[in-house]
Amino acid sequence: MRRSRFTWLPILLIIALLLILPKLVSEYRLNLVITMMIYSIFALSYNMLFGQGGLLSFGHAAYFGFGAYATVILIKHFSLSLPMGILIGGLAGAFLGVTFGVFVVRMRGVSFALLTLAFNQLIYVTAEKWRTVTGGEDGIAFMRPNLHLGGWEIDLWATLNWYYFVLLVTVICIGCLWYLTLTPLGRLNLCMRENEERASFIGFNTYASRLLIYTLAGFFAGVAGGLAAAFQEFVTTTFINLDKATDVLMMTFIGGGGTFFGPVIGACALTLVNDLLSSWIERWAIVQGGLFILLVLYAPNGLSGIYLSLREQWDKRKRGEQPS
Amino acid sequence: MDALSIIPIQFLHGLVYGMLLFLVASGLTLIFGMMGVLNFAHGALYMLGAYFSYSILRWTGQFWLCMIVAPLLVGAIGILIERFLLRKVHIHGHAHELLLTFGLAYIIEEIVKWVWGNQPLHVEVPAMLSGSIQFLGITYPTYRLFILLISVAVFAVLFIILYKTRAGIIVTAAVSRSEMVNALGINVPLVFMLLFGVGGALAGLAGVIGGPYLITNPGMAGTIIIDLFVVVVVGGLGSLPGALLASFLIGELQSFGILFVPQMAIALEFLLMAVVLIVKPEGLLGEKA
Amino acid sequence: MLALSDVNTYYDNSHILHDVSLQVKSGETVALLGRNGVGKTTTMRTIMGLTPARRGRIRFKDKDIERWKPYQIARAGIGFVPEERWIFPTLTVHQNLLIGLKSEPYASNQGLEPWSLEKCYDTFPSLKKRQFAKGGTLSGGEQQMLTIARTLVGNPELILIDEPTEGLAPKIVDVVAEVIQTIARQGISVLLVEQKLSIALELADRIYVISKGMIQWHGTPEQLRSSEEVRKSYLEV
Amino acid sequence: MSRSGILLDIQGLYKDFRGVEVINNLTLCVRKGERHAIIGPNGAGKTTFFNLITGRYTPSRGTISFEGRPISGMAPHRINRMGISRSFQITNIFPGLSVLENIRSAILSKKGIRWSFRRRVSAMADVNRETLDVLKLIGLDTQHHLLAGSLDYGAQRALEIGISLATDPKMIMLDEPTAGMSIEETRDIVSMIDRTTKGKALLIIEHDMDVVFSLADTISVIHYGTVLASGPPDVISNDPKVKEAYLGEDKAC
Amino acid sequence: MNRKLIFGIIGIMSLCFLMGATVWAADTVNFGVCEIRSGAFKTNGDRTIWGIEAAVNEANDQGGLLGKQIKLVIEDNQGKGEIGVQKTKKLVMQDNCVVVIQGSSSGVGGAIGQAMPRLKTIYLDTNAEAMGITGENFNPYVFRTCLNAGMHVKALANYFGTKTKLRKVFLINQDYSWGYDVAKYYEMAIKQFSPDTQIVGKEFHPVFNKDFAPYVSKIAASGADYVISGNWGTDLTQLVVQGRKLGMEIPIGATFLDDDGVMGIAREAAEGCIQANMYILGIDSDKARAFEDTFHKYSDGKWPSFVIMEAYIGTKMFIEAVRKAGSFDTDKVIKAFEGMTWEGPIGPITMRTEDHQAQSPAVIAEYAPSTKYYDFPYLKPIMTIPASDISVSLEDSGWKPYKK
């Protein structure tokens, strides 16, 4: 991964914009932004494997869905608070990640992709079959509990409050994920993508490291799942099916796995395109499929890849203009 | 009849379904197994075969003609896909091919619904295939036996071509060492394009045969694609006998799963895939990399 | 027959061949000598079109082939015996040969008996013995024989041989050298990359010495024998 | 031969691939601080031998011990952590990362900072300082921000060796470090190796006899997977067996 | 430079947001439809929409609703609950729809239903029959105008239990809540009508099952003399066609055989099958003929069969409720809808106050080689069953009062 030219100013501007966004857009659009934020976490967690780790997974929905079910069941049956529920959703995702990870991180390439797919399908089938717990494809409906902060009770029914809650969680998660890329483990992830064998020859236990990264990716996917479930106030098997697993792949790909914020752009773009296209055009799937193909053909590094190559060209031109 | 006496017939059911699965998966064995292209549009090509067959049947009334023309059409589409789309993204790797074929599957499925409508279509098979045959005291649909026959024939023809002719040897060699084959004077890109075409044509043929049986409907691509990947992976990438064995296993697993553990039946094939990938990642009859 | 003029080849951004020029005349055996990694193999890959030249011309029998695809170059009459041998491990010896087979010989080979499967088996009795063995089970020497035979049945006019004796036992080395001599005697032109100076001196009509991607010297084996300076600075260990 | 001071001890090593014996009863010792060159014709099994020591392959038979502890069959990272580091004949770096990151990852591993979350890598002053030291040592400090894959060949070779050096091993194994280098580059690399590996055991595969003679105090000739001869350079260069098998009886000269 | 990218994204995002705004005219009222319009089930969504459109055309033609023309805003739920909820929010928050209609999927229906108390808008379930929607997960914003699974199979149980001598039944259903409901309520219902009936087998197969042969041999081995199946779409077609081909001659009691898509393929294979629904084409009465012809007129020459008919009836009932309330206000419409009786083609349909489940009579039909409706064999009604005979009590339907 290219080192992004990270500066605080644009980040602060974006956060400021997100803070005042409820004043600018309608309630429904705000709902859409919430969806985008949740999928941003999901896509970023996926990118730990895909963009940073070089692993193509078909099974990331398993952790998203598992986290979502854990959150819902715990809140519904054990009256957990929402932050606690979402945290445990993340832990559930991590637990599943480590369980499957033991097997899958040995694999590479197509074998990895297909084993993750098999595990995803197993979890999906389990969710469909274990009706007493998961409610089958009807799912489980529940109420988003209010947030108790000391003596305060914040009504999370209100879109506005819920928006700020999700914003907070998203900022924390993205912050953690960003920080993670700067830690030794994050750098090691890139090393393993580039040349796993060499990484092991300079003393890194690549298997255990991959497993840890896989587990962490599962954690954040679980958090995203928990948030999504709390947002929809229900969870069904579509949280865990293959469509979800390919959605996150597409988001990451469309945004571009090569940059940290690429998946965020992808998550926003896909959510938006899907929402708008399907409202405007009945046969929107043709347009969306066509867009994918054009993107794959002409922007193999995703939207952020387009930006990077534009910047490179611009840099070159600037350098060229300077008299040497 | 008691539960035990239906075991032979259940075996036959599983066999026929497995062979139908093999028929559809045979093309993917070439495309995914040999060329390594994660072709998610294979199901869509299969569906196209079924729909082309429907239209040809409407115009000409000749089912046998469908079995020739529809595969040729689908094969041609496969060639176009390889030449103008997949070849361009091949250097970028699996994810790109996957996404490209995903987009294609989307588009093909929508176009099919646009052209032929959303409703399932009625495909009339020739009278000699539509009846039933009595044997061993059971009634068995002729068409199911026809499926069995075609699948075995396709396997035999493919097996002979792939393993016994120079063309097949070239394909095997081009898959493992394309540069060397190229340097020996063989146009490898053309070989791959034709291979993709043959894979497409096999999907098309499977559509012609499978359409009347599994019903020509817009959902037929989406419901079969995962099964196809399971077959190819379990059998071993690029191994035709492997695909046959895997199809047979999955057919029987399904059939006997329904008999003995009906609640678990749909999980069995994924369990099989996970176990095979963990224990023998190269597949049952695959060559170790 | 083959003429490279000012050929430049790159791997991505690294410049491997710098203005390489060399000729192989009809019926001649030319050796290309140099240390590891100086661009010998790249020269061969460039001629074969596997790593196309970025600049420069490659002429083969009065045709510019520098933009041709490898299979077109092969069909034009150039055979390639790569250093890595690249036999097809899952195919039998016979099947390996079948892939290279091209029945009609080229004009310049006229008057000669074309290389058929039978002729190959006669020339390489060890291959005949192992006709139905999988390529992957052959010994190093047998693999080298197979690689050469596979190229020969394509009846090339010019054959590029990259380090044929690498890693082979001395006895087998002699056999391989003999085979190359036989090929040359048949009138097939040979461009040979070799590290063993003795073999090159024995086989070649002319010798090019390459270093750091540049042709540093060329001349006859006799001249090289007498030029200790060239040997010292570019070849010897 | 006394057993004391032996760092690496290899006894009766065998390795076969699909029935082909590549390493065939190989026995070899490396003492502390010894500078040991491995020579032999191409395909003699030198690189396979390296791969067996460093855990890329598992021996079919035989024992490898390092500082008296058996290491055969261990995972590469554990062998590395015991103090063996190697470079590769075919450049084996992290092409998509910057030169700095390439070296820094090795420094992090050496310092045992692998899964730490406490600090950002860029804030670890000591790590970055040591990285810069290594970069200076291999002469790449001015190119530290470039992608490793975009360096020219000589610089990539230097980086390849630099990565191996950076883990500060007890024994360093270099597989043809000067392969494909020009004379000047070779000279630079050799002096760099000499400088940076002072006092450490060195095991080096090399074809260039100048390099071998200037670096090694012991030479072992491997031929057909076994040690043909072993001893000081002057003895080896006059050994007729070696001349025949490796240096080649040059009829012309 | 990073800033440029970010500002660019913000720019594009805000542009898209602006474009999404819709104009709301004062003289129209929006009905939201959140149906499946993509993927393999598009056919179900499309036909639900035909039914709704016909009802809306009819109302608009007769002067609109409370002086306003009804405008349909149609969104694609893609067959996924979460997308359904997202689109429902859009329909309510952005398009100010007074009602959201969905019928094709029980799963999506459940998801939309549970979101409605938040949105304070009515969800009209015109054809999703899973019990939970008006039972266990009941909330006052949800109204179901079709039969539920319990009523649907009760009609079949009534027929098989009282009109035939068949007493050995094999239940084969899709492996999801609808299939489970069918099996569970058939067992309950058959006890009421013929307690001597034996359940000789019970199978649940995956939706979109490809090969039914293994099930057919199980059915044959069980010695059943009739089959009950809640399958729809290709799952029903396959069961009927493959069953007949494999020599299964016993009748199949079905809930969705009135689908022209199924009959168009099953054709002669459906001979001997029995179908039940709240209305089936071909009832020989003036009222029924008027019902069919009106639909025919307002729907571009289609016939009210299958979900088309259910969506048509449901939408008409909702329009009736609004008329009765005299207002589009959600609370007033709910009040008016509860307990309302609407005169259907074969008798009155009453909206039960407690669980908002329509109490409708049902029709039983059998195979007919030719009808005036389609150019392939279809069905002909053989009996009607009054609403009281198929009603499922609140207790039996698992109803739980709504508590916030």
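Things worth noting here:
First chain written, first letter: the chains are A, B, C, D and E, and each begins at residue 1.
Keep in mind that, in the parts below, contacts are C-beta pairs under 8 Å (C-beta built on N, C-alpha and C of every residue); 3 or more make two chains touch, one makes a residue touch a chain.
Given the structure is predicted, the values throughout are model-derived calculations rather than measurements.
Under the touch definition stated at the top, chain C and chain D share no contacting partner at all.
The set of chains touching chain A and also touching chain E is given as B. Greatest Cα centroid separation from chain B: this falls to D.
Looking at which of A-B and B-C shares more C-beta pairs in contact, the answer is the pair A-B. Here the spacing of chain B and chain E, counted between their Cα centres, is 35 Å. Separating the CA-averaged centres of chain A and chain D is a span of 42 Å. Here the CA centre of chain B is 50 Å from the CA centre of chain D. Mean C-alpha positions place chain D and chain E at a centre distance of 73 Å.
Multi-chain contact residues of chain A (touching two or more other chains): 129, 283, 285. Across the assembly, chain E contributes 38-39, 175 as residues in contact with two or more other chains. Chain C has no residue in contact with two or more other chains. Interfaces, counted as pairs of touching chains, are A-B, A-D, A-E, B-C, B-E, C-D. For chain C in complex with chain D, the residues that touch the partner chain are 12-15, 35-38, 136-137, 139-140, 163, 166-170, 195-198, 201, 211-212, 225, 233, 237.
Put simply, chain C touches chain B in their complex at residues 48, 50, 69-71, 73-75, 80, 82, 86, 88-91, 95-96, 98-102, 150-151, 154. Contact residues of chain D toward chain C in the complex are 18-20, 41-44, 149-150, 152-153, 176, 179-183, 207-210, 224, 244-245, 247-253.
Interface of chain A with chain D (complex): residues 1, 3, 179-180, 182-185, 187-188, 190-191, 193-195, 197-207, 209, 212. Every residue of chain D that touches chain A in the complex is listed here, in rising order: 54, 56, 75-78, 80-81, 85-86, 88, 92-98, 101, 104-106, 108-110, 113-117, 119-122, 163-164, 166-167.
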